[in-house]
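Heads up, the next two complexes both have chain A, just with different partners, chain B and then chain C.
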Partner chain A sequence: MRTKATAIGAALAALAVLCAMFATSASAAPAWKFEGKSLEGTEVVMGGAIESSMTIPGLTTKCEDFLYKLTVENSAGTGKGSLTEVPLYNCTTNSKACTVGTIGAEKLPWPTHLTTVSTTPYIIIEGVKVAIYYEGEECVLGETLVTVTGSAGGSIDNAAETATFNSSTLSASKTELKALSQKIEWNGLFPTEAFQWHREQALSVS
Partner chain B sequence: MQKNRKRVVGTALLVVALFALGLAASAQAKLVGNYTKFAQCPYTNLEVKKCIYSTTNSGEVVLGSKKVPIEKPVVLQGGTLQPVEGVAKFVAAANGITLSKAPQNVPGGILGIVPEASSPALVKALIKFFLENSLTGVNSTLELAKPASEITLSETNLIGEEGTALKLPVKVHLENPFLGKNCYVGSSTSPIIWPLITGETNPPAPNTKIKGKSGELEFLEEGRIAEIKENVLVENAWSAPKASGCGGIISFLVTPIINSQLGTTTAGHNTAILNNTIFTASGAAVRKNNEENP
Partner chain C sequence: MAQRTGAISFLASFAKAASVRVFLALAVGVIAVSGCGGGSFSSTDTGGEVASRAGAGPAGGSKTPGTSASPATGLTGGSPGETAAKPASRASNSKATQNGSAAKSGPHITPPKGPTEEAPTPEQVAHATVADMTLESPAIIASGGSPARLAATYTCDGQDSWPALHWAGVPTGTAELALFAMNVQPVEERLFVDWAVAGLNPGLGEIKAGELPKGAIVGTNGFGKAGYSICPSGAGEIYMFALYALPQSLLPSKGFDARELRKEILGVSGNVGLLPAVYERG
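What follows is the complex of A and B.
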């Protein structure tokens, strides 16, 4: 009888350990941190792309000023956010024939969340929608509105305080951006810096 | 003296003739590189905004109970005008051949006997030899049933896989020594209208939904030309009129036989699947290429 009770006790203990292990791995979802401490409340992260370009095979569009404003918070231990502003200025193409007439982010805010891909922290942006109106008499896309839609995952470098988006990070995070029914390539390197309560504090994600 | 004068006049005429020939040659298209395929685009018409060159490399056309595989390439070429609400009207090719005539072999020939797919190769070869030769074989050629201006193209729908991408009014010319020269399904007054799409069809029974594909897009010549590979245009909700004019003076006898072989050609019994490579270019870019290469 006593042996049975011991066995049940051992089993329950094992179950408790197992649950604790799962609980630990679940809480490993990355969160926004400043100076190593988890963010409480909200913060505004802003910046401009150090470099950014979007390529449909044969035509690359670049914006000299690709800015963003991201409101971040931790919800149940996981970093979340909302891209509220994405102003795009001074955009050009690699073609002499095609110019960018107008370009603008649509259906803002775009929700974001943090995740981990093979131990690397990632930010996932969902609901991306950017409308580009190309011009140029000789441009085959002249007077055509091209809409970029989808989601994009970028890896976060805590040391450099940057987020990198490219074909590898989009593939690793199982996200994709499309335009003209084509999977497009997006390369972007964005600094991550707080501009409200945690200005000049080291931002990290873990 | 008389003889010398004649010689001078003769030489002058020859020079004029050579000069005229030279001019005629230089008046022809001087497009180079990726632009050469747009040689028949009516780009000299300043209203032409885009040049189109599309090759259907394979696919099939099912008309009632007859299935004709596309084995010989068919070319659709010309220009398009400024789109109105996303839809652009076509402008005929400069040489008048907007839709090339490529006779496709009708399996089973005039008797319509097609071996089972599981038949031995020898049986298939014998049937092909006896039923698809120059006497018993039937060719089916797709022709435009209306002027090119009745063709419409929506590049937005073509790429977006939504709505009609290419509206093509066609007729099918059935050719065989016994069928005469005027055996057609469809006509200019009663054309077959193909509202081809790259999305998913919604046909009446017994046909079922099929899907097209926008294909893979690539820009050439710094964005002046777009190439769309592996494009698939489909439609299987179209109807076709009965065949007419088959058999010459005994048409009253032959045409009903052809119609009985075709079977029901109302909506839901026909299919068009066209696998294409499409090139489009800005009309201005083609004009500039022409001017830059005298």
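What follows is the complex of A and C.
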């Protein structure tokens, strides 16, 4: 009997700790908002990078246009999402010898969630996988298929309605993208824009 | 939930997958965050173009879906509520929404030019040299966000001899391994090879600094030397060490032309482990 009571007590204590943890994490996690109101249901957010490049040491691959389509929702008060499409356009490298034969996002959808890093809202993209096939007989990566994998955290600027990804935001959000067994750089500034129920409404996260 | 549409059916699969325990935990989270909203940015009008909202439901939380169509972005539309609006230019901003509430002030998506890049096809993957092996060196380690650095001792400013290298992930069926060191950026528009060693046993997992195993065949590098030399002409350079796993033996002769062998290697579509390293003088 005493054992049973102890077990129940321990279970309740564990539940209390869990509740406290969830309460803490939930209160810290931002939600998607339109016109300042928390999103109910889902919304499709799209955007295109104003600039975006990825650097494997010595070789930068840049895409003129880097779009995304993200389905977002608030789940238990926390902003979540699913990156369903990432079309890339006009990708080139900084080396005359190397051209981008093909490049594409793989294993979509990529899950996303919102979080807060030092009072700044962040979007975290997980399960990133981009395959790049470089061409060029004189290119060090010629005829080679390189895959970028990992997760990426970008800071959200509510005033500008943009998300910024760079080495600082990846580091601050404890995320990393890797290729060739090494951390790589990814820079991108992505406007956010609702395309479904909240078109033309101010998008923010808090 | 009138606004739950086909476009969000994908999310339903997540909901189905969630266990009761997870649901309960999330419910605790909901209770914890209730009343914690507010404080978000509300934009002001900036006087740009208003993207067409023909067919869209009124702003401010309407649950009525609008006309289904794709924006001219290359992204698929088709979800109710997506309008036939052609997005305005990236630089343009929006005016207030039709119901007078504060509206989007940030930039709009820009319709891209040209076709979408294609992901590598299975055929390309089959013929590519796939960078899926691990190549590492105790002498070339990245620290923080900086790229891995090559110490001067492994260049012409030091002993000009190769560092220890170890690797993993050699596919079964590999007939031979070949090691290369190359400049990442070409010299006079040609690939510059600093070191090439062929004939390595596929069972090997490492080489020691400055030592080569029995059977190794050394090629002639870009300096015209049968051996290793990393010697940038300027203040520094970025190099790529590469270990190729070849499905067939290429049997090069001693002093082979390193560039020519690499062309042959790329033709046999093997696997590669790549290790970039930066060398900066001083």
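Simple rule for what comes next: the second predicted complex is superposed on the first by the 179 of 206 C-alpha atoms of A that agree within 3 Å, B and C clash if a C-alpha of one lies under 4 Å from a C-alpha of the other, contacts with A are read in each partner's own complex, and residues count from 1 in each chain.
One rule holds for everything that comes next: a contact is a pair of C-beta atoms (placed from the backbone, for glycine too) under 8 Å apart; a residue touches a chain by one contact, two chains touch by 3 or more.
Just so it is clear, the model here is predicted, and its values are computed rather than measured.
With the C-alpha superposition on chain A as described, chain C and chain B clash in the combined arrangement. Which of chain B and chain C touches more residues of chain A: that partner is C. Once chain A of one complex is fitted onto chain A of the other, the partner contacts of A:56 extend to both chain B and chain C.
In the superposition on chain A, contact is made by A:139 with both chain B and chain C. Once the two complexes are laid over each other on the shared chain, residue contacts for A:105 go to chain C alone; chain B is not touched.
In the superposed pair of complexes, A:36 makes contact with chain C only, with no contact to chain B. In the superposition on chain A, contact is made by A:199 with chain C only, not with chain B. In the superposition on chain A, A:181 contacts both chain B and chain C. Using the contact criterion defined above for the overlaid structures, shared-chain residue A:96 touches chain B and also reaches chain C.
Remark: of the candidate stretches 8-16, 62-70, 116-124 or 152-160 in chain B, the one overlapping chain C after superposition on chain A is 152-160. On chain A, the patch touched by chain B and the patch touched by chain C overlap at residues 56-59, 95-97, 137-142, 144, 180-182. Residues 56-59, 93-98, 136-142, 144, 180-182 of chain A touch chain B in their complex. Residues of chain A that touch chain C in their complex: 18-19, 22-27, 29, 31, 33-38, 40-42, 44, 46-48, 50, 56-59, 63-65, 67-69, 71, 73, 75-78, 82, 84-85, 87-91, 95-97, 100-106, 109, 131-133, 137-147, 158-162, 167, 171, 179-183, 185, 191-206.
Remark: chain C residues 1, 3-4, 7-8, 10-11, 14, 25-34, 36-43, 50-51, 53, 56-57, 59-63, 65, 71, 73-77, 79-83, 85, 87, 90, 94, 97, 101-110, 112-121, 124-125, 127-132, 134-136, 142, 145, 147-148, 182-186, 189-191, 238, 240, 242, 263, 266, 272-278 touch chain A in the complex.
On chain B, the positions that touch chain A within their shared complex are 50, 155-156, 159-161, 214, 216-226, 280-282, 284-285, 288.
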